[in-house]
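Alright, structures below, take your time with them.
Okay, so chain A shows up in both of these, paired with chain B first and chain C after.
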Partner chain A sequence: MKTQEASFRILRFNPEKDEKSHHETYRVKIDSRMTILDALEDIKHAQDAALTFRRSCRSGICGSCAMRINGFAKLACKTRVLDEVERHGEVLVEPMENMPVIRDLVADMNPFWSEIDRGSPWLEWDTNLEGSIKENLITDQQQQVSAKLADCIMCGCCFSDCVSRVFDKNFTGPASLAKVQRFVADSRDKVGVKRVPSLVEMGLWSCTHCYFCWSQCPRDVRPVTAISALRALSFRAGDRSHGARHVDAFMSSIERTGMLNEAMLYLKTMGWTTVRDLDLILKMMVKGKAPSPFLKPIPKIDEIRSIVKEGRWGKK
Partner chain B sequence: MRFAYYPGCVAKSTATELYDSTALVAQKLGIELVELTAASCCGAGVINEGEPYWNFALNARTFAMAEDVGLDILTICSTCQGVMSQAKWQLDSDPKIMEKTNETLAKIGMKYQGKVRIKHLQWVLTQDYGLGKLKEQVVKPLKGFKIAPFYGCYLLRPAEALQFESHEKPASMEQLISVLGGEPVDYEGKTKCCGFPILFVQRGTAFEMAATYLNNAKKANADFMITSCPLCHISLDLYQKKAVNQMRFDIDLPVMHMSQMVGYALGLPPQELGFSKHMVSTAKVLHGS
Partner chain C sequence: MIKHDVVIVGAGLAGLRAAIEARERGVDVAVLSKLHPVRSHSDQAQGGINASLGEDDSWEKHAFDTIKGSDYLADQDAVEVMCKDAPRAIIELEHWGVLFSRSENGRIAQRPFGGAGFPRTCFSADKTGHVLQTTIFEQAQKKGVQIYEEWFATSLVVEDNVCRGLTAIEIVTGEVHAVQAKAVILAAGGAGQIYSKTTNSLSTTGDGIAMAYNAGVPIEDMEFVQFHPTALYGSNILVSEGARGEGGYLVNAQNKRFMKKYAPDKMELAPRDIVSRAIETEIREGRGFANEYVHLDLRHLGEAKINERLPTIRELAIYFAGVDPAKEPIPIQPAQHYTMGGVPTDIDGAAPIKGLYAAGECACVSVHGANRLGGNSLLDTVVFGKRAGAKAAEYVKTASETGFPEMVIRDEQRRIDTLLNRKDSVKASEIKRALGTTMFDKVGIFRQQGDLERAKKNVAALKRQFENVSVIDSSRRFNTSLIETLEVGFELDLAEIIVACALARKESRGAHYRTDHPRRDDAKWLKHSLAIRTVKGPKLSYKPVTITRFQPEERGY
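And now, the complex of A and B:
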C-alpha cells in the first residue's frame, strides 16, 4: 500500500507546567486506511509518550475520541487522515471547544454532562399502564419515532461546535435537547410533551439553525431537527416567548400575503421593545430601505390559503 | 441561460439593493430571469417550527411552478436556498412526505415531480456560467481590495441536502473574489452564524456573533465583506453599529451583497447597484472618499 508523510499539528497543554496551550508538530507515515486515532497512537508510541487523549472502542461506538480535527469536532477513530490531508494540507488536532481542557486533547466534559442532566433524560414510566411492572411494550412504529434520536453516543461533538453555546452559556446545547425529544417522542414516557414548557428556560429558542450539530454528529442524529420539533410542540402548547411569537407572526404573514411582511413580523415579535430600534428605523426610512407594513398578497393567494388550511396535518 | 427566478421576501423589501443589483448583473451576463411572481415565502426554517408540513407544501408548490415552465430555480438568498434544498431533499427521498404533499397540491391542481433543481446565484456564476467566462467580462478589476467572504450557514449545511461544496473548506466565494481581481482574506468565523436567526429572540447574543466575525475580518485587514444572504446582510450591515458598540469594537466594515461586488467589477454604475442603501458606507473603500 502506498504510504506518505503527513504533518500533525497538535495542541498541547500540561497543567503541571504550561501556563497556556501551544502547538507541537509531528511527522507521521500514513497510508490510505489510517485514521486520526491510529496516527495519534503512533505518535504516542514512537515519538511522545506524554501525548494524552481519550479512546476506547476504536470503531465509532463509544464516542470517547471526540476532538477537533482541522477545526471541526469529529471522532478520531472515524476520520481518515488522508481525507484531512487532501482537504486541508495538514492535520490540526485540538481538544473539543465549549469545554475546559484537562490535558492535551482531553476536554473536561462536565459542562456537557450538566446540560444533559438539565433535561432529565430518563424514562418516567407509567406504572398504571397494563403490564408495565414487567415490561414497557412499544410498537415498531412507535419505536421508529425516537430511534434515530436514541442513536446519540454522547460524544460531545455537537456541543463542541455549537455556535450558540459559544456565546450563550445558558443554551443547553443540541445533544441535551435531542435527548429531551427522544423521551417526548417515546410513547412509554408518562411526562412526554409535558417536558416541553421547561425547555424555554434552557434556551429552546437560542439555537440559530447553524447546522453544525447536524454536520458534526458521527451518528447522524440531526439534533437541530429535534430542536425544531420541540419548538413546534412548545408553540402549540401556548408558548408566548419571543421565539414563539416570531413563529406566530411568520405564519400569519404567510396566511395573509403568501410572503413575509418584515415590518409586521418585527413589530409583532418585538412588541414595545421596538423603541430600541427607532433610530435605525428612521435611518432606514431616510435611505428608502424601510419595508412597508402594508404588503400586497401575492397573485393566487387563494392557493396558499388552501395549502395552509389543508396543511395543518400536524394539528391535534 | 434561463432560470425560474425566486428572489425571496427580503430582497423585495429590506434588501431591494440585492434585487436590483441581481437584475443588472443577470442582464449584463445574459442570464434570463423568469420571476415566479406567484411563489410564496419559503418559510425560512421558521414555519416548520409552527406547522412542519407547511414547509413541504409551500415549497413543493414553488417547485411545481418552476417545473411547469420547465426551468431550474435560481435563488439569491442563502436561507431560501438552504430551506428549499432541504425541503426538496426530504420530498425526493421520502415517498410518504412526497405523497402527502402532492395530495395537498392536487387540490390546487398542481403536482411536484421531483425534477427541478435549485441553485443559488453564487453557484450559477461559479459553475453554470463559469469562472473563466466571468473573468472575461471584468472591466473594473477589484485590484488591491482585500475581501472577506462570509458564507454563513444555509449555503453550506447540511451538505447532504445542498450538494454543492464542503462546509469545512468551501471555495466558491474565494473563487469569485479572485476572478474579479480581488484578494480573498481568511478569518475565523466565515462559515459561522451571523446571528440573524436569533436577533429577535436573543439580541445580545446575536450582536456578539455578528460583531465577533466582523472584528475578525477587520483584523485580517479586510476592506469589505461580502455575503450571499440578505439576512446575513441585515445582521452584518444594518445592525453592525449596534452590534460593535455592544462589544466596544471600534470598527466599521462595509458589507456588500455578492451580486453588488460582481456588478461593480463588471463595470455597472455603483449608484444603480444600491450601495447608498447600506448603513455602513461603501464609499470610502470604493472611491476613497
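And now, the complex of A and C:
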C-alpha cells in the first residue's frame, strides 16, 4: 500500500500545565486506509504519550472518539486521514464544541448528558405486562421511526456542531429531541404524545433547521427530522408558544397573499408582547424602515392556497 | 470514603442488569465503569440473543445445542438455568423497549445461528447489542441507579476471605478512591485485547478477571479462547454470524464452499471453533487469498435483504474494507472474539470469596464450556446478571457492616505514584504489542507444545519488562496512559494463566486445539482448569464438570 506523510495540528490543553490551549504539530506516516484514530494512537505511542483522547470500539459504534476534525465533529475511527488531507491539506484536530474541555481532545460531556436526561429518556412501559410471557405484537413497519432514531450512539457530534445551542443554552439539542421522538413514536410507550407539551420548555422551537445534525451524524439518525415531527405534534396539540405562532403566522401570510408579510409575521408571533418593542417600532416607522402590514395577494393565489392546504399542520 | 451496599464493576449488559435487580430489591447499589455505560463493549454485539420461543423449539433443545457446542465442558445445571430462563428474559427486554426485528405476524423474529438445531436467535437487524445496551441503560436510569462513569477499578479489597470493596481511580481528576461495599459484582467483560487480532474493543482488557485473580480467586478455564471465524481482513472488525445465519457462504480462492469438507451437515453454520479452524486450515494449506484470508459471500442474498438484515455489516465492509457486500465478497479471517473462562461462580453468580459475585463475560458459570455458541453471550449477561444482582442484594441484607482496611488506599496510591514518576523508558504500548503477537501466533487457533513453551518464556520476559514500565505522562488529570499501563498489567497476568492452562491441557476440546493432542480425552480432561496466583506464577488445579442429562458424545456437525 502506498504511504505518505500527513501533518496533524492538534489543539492541546492540560489544565495542570497550560494556561491556554495551543496547537501542536505532528508528522505521521499514513496509508490510504488509515483512520484519524489510528494516527492518534500512533502519535500517542510513538511521539507523545501525553496526548489525550477517548476511544474504545474503533468501529464507529461506541461513540467515544467524537472530536472536531478540520472544523466538523466526526468520529475519529470512522474518518480516513487521506480524505481529510486531500480536502484540507492537513488534519486539524480539536475537541468538540458546546462543551468544556477536560484535557486535549476530551470534552466534558456533562452538558450533553444533562440535556438528554431532560427528556426522561426511557420507555414508560406497561408494568401490567410484568410476568407476562407474551411480547407486544408490532410490525417492522410500525417501529420504523423509532428504530431509525434508536441508531443514535450518543457520540455528541450533533450537539457539538449545533449552531442553535451556541446562542441558546436552553435548547436541549438534536440528540435529546431525537431520543424523545424515539419514545413518542413507540406504540409501547405509556406517555407517548404526552411527552410533547414539555418540549417547548426544552427549546423545541429553537432549532434553525441548519441540518448540521443530519450531516454530522455518523449513524445517519437525522435528528432534524425528529424535531420537525415533534413540532407538528406540538402544534396540533394546541401549542401557542412563540415558535408555534411564528410558523402559523408564516403559513397564514403565504396562504393569504402568497408572500411573506413581515410586519404581520412579527405582530402575530409576538402578540401582546409587541408593546415592549413599541419604541423601536415607532423609530422604524419614522425612518420608513417598517414594512407595511398591508399586502395584496399575488396573481393565481388559489394555486398557492391549495398547496398550503395540503401541507399545513393541524388545519384542514 | 465512598460507601454502598453493592458496587458493580462494569456498566455493560451484565452489570446494568444486576444493578436493576439489586435496586428493585431495595438495596443501595452503584455501578462503576471506566467508560460511560453506552460505550460498553456489549454495545458491539451484532447478531443476536438466543431463546427457544418457537412452538417446535424447547429449552431442552437449546440446552442440548449449548452443551454439545461447549464440547461437553459446560456445567449442565447452569445451562439448564440459562435456557429455561431465556424466553422470559427476552420478553422482559421487549417490554422494556428493545426494538427486536419482527416477523410478518408482529412477533419477535428469529434467525438461524451456528451450532443451533433451530432458528432461535432473536435480533435487531445486526445491531442487537447496541439496542439491548441502550434499552437496559435507559431502564437503569429510570430506576435511578447511581453510576460512577469513567472510574477505573484497580483492585479488590479482601480481608479474611470477605470482600470489603475496592480501590478505583476517578479518571477525570486522577484521584484514587476507596470504595467500601458489602458486596462487589464483577461485570467488567472479557480479555480480548490480550490478542493482537481481536474483534474486541480497545477497552476489553480483562480487568475484572485480573482483579479477582490478584485477590486470590482461582480463575477458571482461561485456555478456552474463542476465535470468531469472520473478522474483516485488516481491521479485525466483527462481521456478525448473522451474515451466515441469513445465508452467507464461505468461499476459498478456488471458489469452493470449503465447509462441505469440515461440517457437511451444518456447513457455514457449524459452531465457531470448527469454522475458525476450517478457515485457518484453508489459508495454511494455500487455498486462501494472499495467504491471509478467505471470502464471505453475501451477494446471492440480494441488496434488499442485506439492507434490511445486515445494514451495519454492509456499512462496515464498505468503510473499513472498501468492499460492498452487495457487489463483492467480503475478505475475512478469524480473530479473537470471546473469553470463555473467567471468575468461577455458582448459578447465582457467587464467586469463591464471600461478598464477591461475577456475571457476563468476566464470569465462568460455566455455560459456554470450551466453545460458546453465537447468541448465547448476550443471553448469559441478562440471565446471570439478574441472578447475581438478586443474590448480592439478598446477601447484603444480612451481611454485617465490615471495616475497610485504610492502609490499602495508601498502598494503592503509592503504587500509582511510582508508575507515574518512574523515569524508565519501557512503554506499556510496546509490551502490549509484543504480548498480542505472541498470544495470537503461539496460543491461537492451533496450539502445540513447542509454541506454548515459547509463549510462556515470552510472557515471562514481558512481565519482567513490565516491572520497569513507565507511564511517561505524569499528569493526574484524565491520564489515559496510566489507565492503559494498568490494563497491560492485567493482560500480562491473564496471558500467563492462558498459557499455563493451555500447556497443561493435553487434549483438544472446543476452542482449545492442540495439534500434538488432536483428540478430546474425556477420561483425563473432562474437567475445568483452575489457576490460582502464587509467587511462582499460576498454580493449576481442576474441578469436575457438572453433568445432569446429556452424557458426552462425539461431536459432529
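Here is the rule we use: the second predicted complex is superposed on the first by the 275 of 316 C-alpha atoms of A that agree within 3 Å, B and C clash if a C-alpha of one lies under 4 Å from a C-alpha of the other, contacts with A are read in each partner's own complex, and residues count from 1 in each chain.
Heads up, the rule we're going with is that a residue touches a chain if its C-beta (ideal position, glycine included) is under 8 Å from a C-beta of that chain, and two chains touch if they have at least 3 such contacts.
These numbers were taken from a predicted model, which means no experiment stands behind them.
By the touch criterion stated above, A:Ser59 is placed in contact with chain C alone, chain B being left untouched. When the two structures are aligned on the shared chain, A:Lys2 is found in touch with neither chain B nor chain C.
Applying the stated contact rule after C-alpha superposition, one finds that A:Gln143 touches chain C and leaves chain B untouched. Of the two partner chains placed by the overlay, neither chain B nor chain C lies in contact with A:Lys20. Touch criterion met: A:Ile304 reaches chain B, while chain C stays clear of it. By the touch criterion defined above, A:His45 lies against chain C but remains apart from chain B after alignment on the C-alpha atoms of chain A. Of the two partner chains placed around the shared chain by superposition, chain B is the only one that A:Thr269 touches, whereas chain C remains out of contact. Across the superposed pair, chain B and chain C touch chain A at no common residue.
Taken in their complex, chain B has these residues touching chain A: 9-10, 12-16, 37-41, 43-54, 57-58, 61, 100, 104-105, 107-108, 110, 153-154, 156-159, 166-169, 192-193, 195-198, 200-202, 205, 208-209, 212, 238-239, 242, 276-277, 279. Here chain C touches chain A in the complex through residues 35-36, 38-41, 43-44, 87-88, 90-91, 94-97, 99-102, 104-108, 124-125, 127, 130-131, 134-135, 138-139, 141-142, 172, 201-203, 234-235, 237-238, 312, 315-316, 319-320, 322, 427, 429-430, 471-473, 475-481, going by the rule given at the top.
Of all residues in chain A, only 14-17, 33, 44-45, 49-50, 52-64, 78, 102-103, 106, 109, 113, 117, 121-123, 125-126, 129-130, 132-140, 143, 146-147, 150-151, 153-154, 183, 186, 188-189 touch chain C in the complex they form. By the touch criterion given at the top, residues 70-72, 87-88, 163-164, 167-168, 205-212, 214-215, 222, 228-229, 231-232, 235, 241-243, 246-248, 250-251, 253-254, 258-260, 262-263, 266, 269-270, 280, 283-284, 287-292, 295, 298-300, 303-304, 306-308, 310-315 of chain A touch chain B in their complex.
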